[in-house]
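Note that the chains are named A, B, C and D in the order they appear, and that numbering of residues resets to 1 at the start of each chain.
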Amino acid sequence: MALAQNRYGKSRVRLVRVKRHADRHDFQEWSVEILLQGDFESCFTDGDNSKILATDTMKNTVYSLARDSAATCMEEFGKEMVDFLLRRNPQVTHAEVSISEKVWERVEANGKRHPTTFVQSSGERAVTRVSRAPGARLAIRSGLENLVIMKTAGSGFEGYIQDSLTTLPPTADRLFGTALKAGWEYGTEIVAYAAVRAKIREILLAEFSAHESKSVQHTLYAMGEGVLKQIPEVNEIELTMPNLHCLLVDLSRFGQTNPNEIFVPTDEPHGYIEATVRR
Amino acid sequence: MALAQNRYGKSRVRLVRVKRHADRHDFQEWSVEILLQGDFESCFTDGDNSKILATDTMKNTVYSLARDSAATCMEEFGKEMVDFLLRRNPQVTHAEVSISEKVWERVEANGKRHPTTFVQSSGERAVTRVSRAPGARLAIRSGLENLVIMKTAGSGFEGYIQDSLTTLPPTADRLFGTALKAGWEYGTEIVAYAAVRAKIREILLAEFSAHESKSVQHTLYAMGEGVLKQIPEVNEIELTMPNLHCLLVDLSRFGQTNPNEIFVPTDEPHGYIEATVRR
Amino acid sequence: MALAQNRYGKSRVRLVRVKRHADRHDFQEWSVEILLQGDFESCFTDGDNSKILATDTMKNTVYSLARDSAATCMEEFGKEMVDFLLRRNPQVTHAEVSISEKVWERVEANGKRHPTTFVQSSGERAVTRVSRAPGARLAIRSGLENLVIMKTAGSGFEGYIQDSLTTLPPTADRLFGTALKAGWEYGTEIVAYAAVRAKIREILLAEFSAHESKSVQHTLYAMGEGVLKQIPEVNEIELTMPNLHCLLVDLSRFGQTNPNEIFVPTDEPHGYIEATVRR
Amino acid sequence: MALAQNRYGKSRVRLVRVKRHADRHDFQEWSVEILLQGDFESCFTDGDNSKILATDTMKNTVYSLARDSAATCMEEFGKEMVDFLLRRNPQVTHAEVSISEKVWERVEANGKRHPTTFVQSSGERAVTRVSRAPGARLAIRSGLENLVIMKTAGSGFEGYIQDSLTTLPPTADRLFGTALKAGWEYGTEIVAYAAVRAKIREILLAEFSAHESKSVQHTLYAMGEGVLKQIPEVNEIELTMPNLHCLLVDLSRFGQTNPNEIFVPTDEPHGYIEATVRR
């Protein structure tokens, strides 16, 4: 009997940071997860907690570091957390800090952006995962989740296998929607994370909009390729694109036509495509 | 033994409408619920289905009417549905159609709004409930749900009851967040629904931003009053404002100050305030 | 401009009670909501908090009362809470306490029920809502939510209206599933709540099982009638039965029959039936 | 630019199977996911769909195979699906079918288990993932998810690292709750899956109940070891145990003691422990 892979930590440590400038406040809301690997076998096998950093202490660490942190984005705060944990815990052989950010923007009231009032403007999340083994190089994987997008033109799906169980009719004109998840690896440690993130998001949206899509796969690849071509800091990008199917309603039963105007959006079942594009 | 209040219908009838103009598409996504009351007692007591409009037929009605509808907003489509159902079903004494709309906006790509690509830009929902008894006047109650907003200045909570179970410290400076739900009744049947809705949302945001808040109740009332003052079409407005509490973290245990910068946002427990303001 | 209906309070106050007997522990998990109405107008209109019981204090009240409470069930604890709040807050004209209980049962290990280990055995919730105005009689409405049940025999749906938008085929043999919600009013203040609740649940399941169903309405009524006939403490019962539709898959396209064996369960759209049966 | 890892398929294909015996029905509800890897590069890079099995066809495959299947459990149906997909799609180099089963049990009415009425008795899920490359051996990983369990005795947490950010007090008597997720690999292809699954679940519950726990890790290991000792068919087991924290309420502020009786259960933040135990 042996202990194989194991890790532990604290999940869903929620944090709001308010930076109080003279003329405005900045507002950030993060959810942080810390996961450690290391020399913890005796805890499992003998109930020896002497090498265990309590997960409650990890939570305290998030708040204490956040107070003194100069980090302006999640990636930088993740670095601070990982290095702090490794420095104080020699029994740890790998530390990983994942952060998910809700999107808050300033409220526009009477034509002006309000300095101290905010609106949560999307179900989208910005995410990052920073990890390091002692002495090794930082790995930073950033991304976004739940960017829900839809094309009503420039999308078809034809020429696929027709077997005895195939009933889907080929079409040169369908709706194509997805809840995009993207994750990219940085090849270097010094990056203007927020600016690069904004640029990647812009490219993903532009490629999705412009692409003449023959399949989800086809568009996914074009989006990944677009990012790698324009963003030298990124080595590889993984894109996950579940289909948000919109099914054309058969109105002929009621003596009506339906020239691609009336659809039923469905959550299940749904197609699922994921791929990594690499330089 | 007697049958008292009863109603039935179809929930979560999802609908996407694409309007295909020469230079652009319009995209709307609705979830429709139909609820009928009427002379249905024999169905309950004797299993007599002869007066029952199948809920599957209600679903078909949504799609068939949507195809021919000239409605440009939910409220107008709700009216068409209610009148259609009453006209064809004399056994119905009250028909109600509720619609919830996801917010989709055009993608901005390369500085331009794309004509046929959309992004779901918020977890907010626009809602309406249209109802009528045969021969009676339409009742239209519109609203919005899950407008998540936060003030980092201009909010305190002091002077409340101090009893033996009170531990909350009074404060002149706290974060004030809520997931706003608003519902308003129109006093007339002819309204520019979409334009009025946009204006109401703008007023709610402006009042929330500008208010020097002494409590959630205090701000809620100012917001309701603001709408009634500026929107003559609205007779009354109900506002529901659950607190999105952000708790100040006690960092003194770690020798640190916390001048209202580091907070824990929490989902539970949460304060809950609702009120109706009426002309 | 006037303040109409208003109420406020605390939601999702979560509580675990462990009763430590010599030979076993009892374990209960509740979520409590308190809602007050009263003389609070000046809070809304003037920001005067002097009559406001802070919702944080309500939360403390739950924990403090729970410690000393002799209540063995939610209904009794709800009574204690309501009376405590009314006694200490003369400005309150109506107090309401709602409680939702998760179902935990003892783990069976090695053929015996373990005295101090528990398993959350269902997604079902037991609920109650206790309310009172000063000097008035207590109203107690108890119920259950999310009791997910399914009949594979004894259910048909035929003889309903056939209009131009009807496509559903009548059937004498369909699956009938629902996530039952039930709420009943007690006509008297002294009831063996836990025992009566168990008996009501048993009757609802027995009637659902035995009924030859001609529609959801038909079975709903039989279930309500069954409860009223056997439980004198209950005056009326409201039952809510959303359809958990299981759609027969058309396998003829693949040269196969499907004698009511293979179905697609769907969450949306769904039929929705609610009714109150009264003595 | 190169395509690296990629896979695609259909998620959330929901299926109800009713087996109609003379004296009773059997009822199963599954959600199926199919994921394929293979020679699909030209689809991504050139929009060539000629090797693509439409995900809609995968959905049809689930229903068609289910009709003729002799499988009595998820694992056997997963095998049939994988072999069917590999046989008909030479371009596929790896096929994976995951199934999640809701727990339905017969209703007990009037002291008897009803032959054709069922109740969904838990939020727990039984799961399996069956996968194979052409010519290679089947891999079957089965498990369970969301088995929510709680110990009110026999659990402490002491002796962990005390650093400058540690505030958690050590305790010899705490509540220990978790939403257990378990996954085990079978070392052989012929297994009585349902019987072994039931036995594993029983062992996990018995070990959790009996263990004198010094930490989550300590109990997790005992549970994994218990399974491996008694179930020769299993080579390794992974257990994931997020903490369902119950925090002792400080009632001293109200002049009350709290001898481990009144707790606040919380969802976030939460500790998270995962480990694999291997023979």
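Convention: a residue touches a chain if its C-beta (ideal position, glycine included) is under 8 Å from a C-beta of that chain, and two chains touch if they have at least 3 such contacts.
Keep in mind that this is a model prediction, so the values were computed, not measured.
Chemist: More C-beta contacts across B-D or across A-D?
Modeler: A-D
Chemist: Same or different for chain C and chain D, where same means more than half of the interface numbers show up on both copies?
Modeler: same
Chemist: How many angstrom lie between the centres of chain A and chain D, each centre taken as the mean Cα position?
Modeler: 24
Chemist: Need the CA-centroid distance for the pair chain C / chain D, whole Å please.
Modeler: Whole-Å distance between the two chain centres: 29.
Chemist: Could you put a whole-Å number on the gap between the CA centroids of chain B and chain D?
Modeler: Distance between chain centres: 37 Å.
Chemist: Give me the residue numbers in chain D that touch at least two other chains, ranges are fine.
Modeler: 14, 60, 64, 165, 167, 253-254, 267-268
Chemist: So in the complex, which bits of chain D are touching chain B?
Modeler: Chain D reaches chain B through residues 164-165, 167, 253-254, 267-268.
Chemist: Going by the contact rule at the top, pick out the chain C residues touching chain B in the complex.
Modeler: On the chain C side, the touching residues are 1-14, 33, 35, 40, 43-57, 59-61, 64, 88-89, 157-161, 163, 165-168, 213-218, 220-221, 225, 228-229, 236, 238, 242-243, 267-279.
Chemist: In the complex of these two chains, what residues of chain D are touching chain C?
Modeler: Going through chain D, the ones touching chain C are 14-20, 25, 27, 29, 60, 63-64, 66-68, 104, 107-110, 114-123, 147-154, 175, 202, 205-206, 208-210, 246, 249, 251, 253-254, 256-266.
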